[in-house]
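In order of appearance the chains are A, B, C and D, and numbering begins at 1 in each one.
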Amino acid sequence: MRKICVFVGSRANYSSIKAVMTAVQNHPDLELQVVLGASALLDRFGRVETLIRKDGFTPDFTFHNIVEGENPTTMAKSTGLGTIEMSMIFDNLKPDYVVIVGDRFEMMAVTIAAAYMNIRVAHTMGGEVTGTIDESIRHAITKFAHVHFPANDDAAQRIIKMGEEEKYVYNVGCPRIDLVKDELKKDSYEELSNLFSTFNGVGHGLDIKKPYILVSQHPVTTEFGSNRKQVEETLYALNELALPTIMLWPNIDAGSDEISKAIRTFREKERPEWLNLFKNLPTNIYIHLMNTTACLVGNSSSGVREGAYIGTPVVNIGTRQNARARGKNVIESNYDKQSILNSIRKQLEIGKYSMDDLYGDGNAGEQIAEILSKANPNIQKKIVY
Amino acid sequence: MRKICVFVGSRANYSSIKAVMTAVQNHPDLELQVVLGASALLDRFGRVETLIRKDGFTPDFTFHNIVEGENPTTMAKSTGLGTIEMSMIFDNLKPDYVVIVGDRFEMMAVTIAAAYMNIRVAHTMGGEVTGTIDESIRHAITKFAHVHFPANDDAAQRIIKMGEEEKYVYNVGCPRIDLVKDELKKDSYEELSNLFSTFNGVGHGLDIKKPYILVSQHPVTTEFGSNRKQVEETLYALNELALPTIMLWPNIDAGSDEISKAIRTFREKERPEWLNLFKNLPTNIYIHLMNTTACLVGNSSSGVREGAYIGTPVVNIGTRQNARARGKNVIESNYDKQSILNSIRKQLEIGKYSMDDLYGDGNAGEQIAEILSKANPNIQKKIVY
Amino acid sequence: MRKICVFVGSRANYSSIKAVMTAVQNHPDLELQVVLGASALLDRFGRVETLIRKDGFTPDFTFHNIVEGENPTTMAKSTGLGTIEMSMIFDNLKPDYVVIVGDRFEMMAVTIAAAYMNIRVAHTMGGEVTGTIDESIRHAITKFAHVHFPANDDAAQRIIKMGEEEKYVYNVGCPRIDLVKDELKKDSYEELSNLFSTFNGVGHGLDIKKPYILVSQHPVTTEFGSNRKQVEETLYALNELALPTIMLWPNIDAGSDEISKAIRTFREKERPEWLNLFKNLPTNIYIHLMNTTACLVGNSSSGVREGAYIGTPVVNIGTRQNARARGKNVIESNYDKQSILNSIRKQLEIGKYSMDDLYGDGNAGEQIAEILSKANPNIQKKIVY
Amino acid sequence: MRKICVFVGSRANYSSIKAVMTAVQNHPDLELQVVLGASALLDRFGRVETLIRKDGFTPDFTFHNIVEGENPTTMAKSTGLGTIEMSMIFDNLKPDYVVIVGDRFEMMAVTIAAAYMNIRVAHTMGGEVTGTIDESIRHAITKFAHVHFPANDDAAQRIIKMGEEEKYVYNVGCPRIDLVKDELKKDSYEELSNLFSTFNGVGHGLDIKKPYILVSQHPVTTEFGSNRKQVEETLYALNELALPTIMLWPNIDAGSDEISKAIRTFREKERPEWLNLFKNLPTNIYIHLMNTTACLVGNSSSGVREGAYIGTPVVNIGTRQNARARGKNVIESNYDKQSILNSIRKQLEIGKYSMDDLYGDGNAGEQIAEILSKANPNIQKKIVY
């Protein structure tokens, strides 16, 4: 029985790896270990721990490592603390593989602890190209990883070019698509209609059958200090449009506070009737929103990734998703009220797009589990060229 | 005035970056900041802090972060602690550039703190290929670095292939060669003759004018558990040869304890008259030893690097220097007493080699300082392909 | 010049020590060092750093050490992180004395770092008796402290009984009273009238000349899990009274989240017109509120301490101030809506009390500075009996 | 089943608590949890982990927290790191009681984590009076402890005077005496004769049947910087005596390096034929040495404590055991060669003393286990007066 340890550090992480966790748990030759840390335990970020337990996974360890402050210094400090904690956890769990999801700052802590402790590292969502510090983190993790599970062909080619052994680079598609595929089979009308009563939304509510906008805009860590201005451009563009809108609070990266402040100030000043805010929504609800919204606005990777499979019209703002492979469903905009407004109007005219399997066709989880049960890369890595 | 922060974490580090420190200090547009941590402060590893102060550098901060245990877990934990400390130090020093030297485990702490805090990272000695976890660390640092100073052309090409912007990859040669060049101008006879009285060597002493062996064998972290056996093969090969020998204690990596135990046990058992042990020797002394030894044995990078410039006959044992570019002065051996013995004997026959500028011609420090005073890479990195 | 280092970890801390900081800064033989950490840097807790800088103090170091989670585990973890940071800071500042204020959890970090590093510890507000873990922390700090500055005679006697040398126990009164004394000389009508526009209060506002209630209720860490219920009793008592009320959000101790949730839920459910909430108010404003409120309700130490000097009618709820010396201005209540309501009504009838110098007469700061410039306790402590 | 967690941080700790561990393990209503950290895992300090496992205890968690440097700063930093680790461990073990042994620096980490996390603290060996920072630590732990197990009546009285509830102060005697009692029933001649071959002693050996000196001198942390000089006085006194001597290397407190250096330098300079050094000896062996030595010299608490029960002639040097209750078997000396020499000669004349039950009669472990199975102190502590 190989022991496969999955670390989940945020709500977004969980959506990206749930299909893998399920597949590992169901695989006869694998034993699943679950570790939760970072914002996965924090109420302020929707405490995905609760959802994970409800889904039937029992964490082997949970730990708090987020040092308050939400600035670049605490991002580094939290990573240091996470490294200390993970080294102790691995000492106890002694996994055969650690699965690292994507590129958030805390993932560096898990990767270093594993690699230094001679535990094999499997990396999902490597090889992509984006903005922010995540860009550097993602490629650095690739250089520590023994097995790679990029989410599309573009990304796979990039990993190989970076000098990784082709044999251990598997383009299995994105595990998030597995969830989307499953979810879209279900009828969601009732749940969406009860959004406000179920998930404590703030605002006047909306009729889910009529055209509405979905907004998800996160901080860009390398543009620390400008995030407030950037989100204000979005808010004032939406204010002009004044269509019913569902907006999510930002994630925990450095700069998160700037965005939260911008939203609060905007609300107090403009008292926008059209704006509805949610702290966190379950992934499945979010998928149905992506499936029914007239346009997804912001800089979330979901627009590019799940958006391609679902066919969601997306306005992608700014540098955060720069150069991540995307389908025809995405229109780009810079941080400028007018540009954002024009792009949204264009998408409203076009309407929904057809399905594109750019990020896989929905069975990434099972492929990954199967590969992890067999792959035997050398613990001593060596660059290919 | 740009502020250039150099972190020194070990005696070896200092030799690799001293020429840069001097050049930055002398440069009219640069201000030098010095931070010392890890084994640079520890008596057990020769406390290079003393030497650094004697050389006229005043550390801005010093910190202890090595968690005792010398195993893979504490290597990770020390890195976590180092990340916490460095984030606080950078908060106070606010440098424009941080210079990262090479690839030892604690360098990851400095790199993460700098990169997460939006400080530009300059990396020396990137792009090389070796064994141990250093191989992964080195390339991961490359993925965080904004400016690269590889020590040879091979390494430069590798960095570019990994997707780094060619414009910021400068093959300036290795700063260690700067020291060698300076040092070899001096007469060292008297100092070498007083080795034992000055540096507290343990053993019966030797006549530096007669043929003698120099040994430097460090732990291979990915072969944790085998290091004791490996160094025993070396010791018993040397025992057969019984030529006067100067041996250095191993560095602080996981596995160091295994090697130290092997040496102690060997001494108690065999009471070798030919063996002289030194805890640490100043770099300049070591350079003269490389210049006068009949053969350098072990797995130190100095054999490959400075050895090329000096022309030292080298027997390189095992995987630690695997695939690092090397000149004709190096003969390879596996971890086997007989193979080691044969290789040494071959080198004794051949004698000294002629100079090879594979790792530069001795002015890397000044080139690096000049580049750091001008280069303006974007803080937001982006993979080239 | 003796170097006196003051650590401020929260807004409350600052009020308790500001008079000492001023006196040390003005003393000819003393040099003030200021270190800020814990919640003193956090927006969520009013970021007292801003105020401290505005008051003309320049922090020598600031550090983030609060690990998110607000539960007993993160309280311990934050203390561990604080100890690591403080040990580095003391290494750099090398103070002669460290002044420890009171008994909040992070103070243990500062105390341990100082005591272990052979730096003399001066402790203010020791010897008092309260509820929560602060009770243990306070007395443990006493056992590390070399010089004691209790705020009243009761407390001084208790410190001596604990085996501390009488010679180094100085009943100087409470430095918070110094601020109160200064503040009450000023006219505050305009500032109080502009509370809402200046300090972003949430609520419908109130007329400061008419009777109003002031509420400050903090979590009781040893009653973790019950805090929500407790504050609800208070809220529903106030709801019945429905007098205009100013309430402050709770401090950062474990349990803070419970109280915040209770308040938010109460507001959404009852939509109380009478309730005005403030995140943080400057100390001086708070003093004037204590001076003008018809009744202060909750478990803040200010009711007992400053309340005595000012003559504020106070209803003290629950165990948090248990056994802290108090004057006749305080009526006790348990965690029960009806009991709280009855006590408030009684105070409303009685009205304002006359001044009581139980906690000093307003020149503690200067006395402390003078003593610190002269006292020479042995660094090796020894229990008296 | 109450869960009783015992933390062991050093070889000395284990001797002090082994009897309790055994009794808890054997108690029908108790479940034993064992956590090892600090120097208990370090080869350099005899890695008592090995012995503990051999004795049949299986640690639930082990962790490294000693930051290298052996100075006051790293002592504080190690404590910070230990607090972080212990908070995580308690989160997982959720014990009903934590047993804190004595007063070494790392014990503060365990105490804070437990007390902050609302876990009851039981403290052994409280209430004693000694030198060094241990003096403050011990009493601070008392102020956090819910149940006290002092080792003698003097100490019990002191705890009560400090304001602890008399009901929870149990004078059960010292658990170390339990081991002594058991051990002295055994014949040790063979083991003692094989000391050198079994425990890798350094020196020329000695005949255990003839008079010999036993030396154990540890650093005094508050006299950091003077430890080298102090131990030199001892060494030169012994050099004059030139009786066969067994000396132990010092423990890990700040200043340990000074003592080690003094010993090494002395050996190189004087080449003392009479001096035999041991890194660590099993407790049982040490007990037999105390039983057969002509005189125990140094500042170890064993001379005062076990010495009373065994009747060992002791010369206690300097301040480290100041004011610890002692029997007639101890003669005091200051840090002066001649004074030390005179005191030893006096003890050699007197010879062995008769048994004194000052520190109990050998059944402390069982009493403690029984009390822990029944005692129900309030988690909220309150000073008595």
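Everything below uses one rule, namely that a contact is a pair of C-beta atoms (placed from the backbone, for glycine too) under 8 Å apart; a residue touches a chain by one contact, two chains touch by 3 or more.
Since the structure is predicted, the reported quantities are computational estimates derived from the model, not experimental observations.
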Between A-D and C-D, the pair with more C-beta contacts: C-D
Reference chain B; chain at largest CA-centroid distance: C
For chain C paired with chain D, centre-to-centre distance based on mean C-alpha positions, whole Å: 40
For chain A paired with chain D, centre-to-centre distance based on mean C-alpha positions, whole Å: 52
Junction residues of chain B - those touching two or more other chains: 73-74, 77, 81, 84-85, 88, 91
Touching residues (chain side chain C, partner chain B) in the complex: 61-63, 81, 84-85, 88, 91-92
Contact set on chain B toward chain A in their complex: 72-77, 79-88, 90-91, 105, 108-109, 112-113, 115-118, 129, 131-133, 135-136, 139-144, 158, 161-163, 221-222, 224, 319, 322-323, 379-383, 385
Chain A-facing residues of chain C, complex: 41-44, 64-69, 71, 73-74, 77, 81, 257
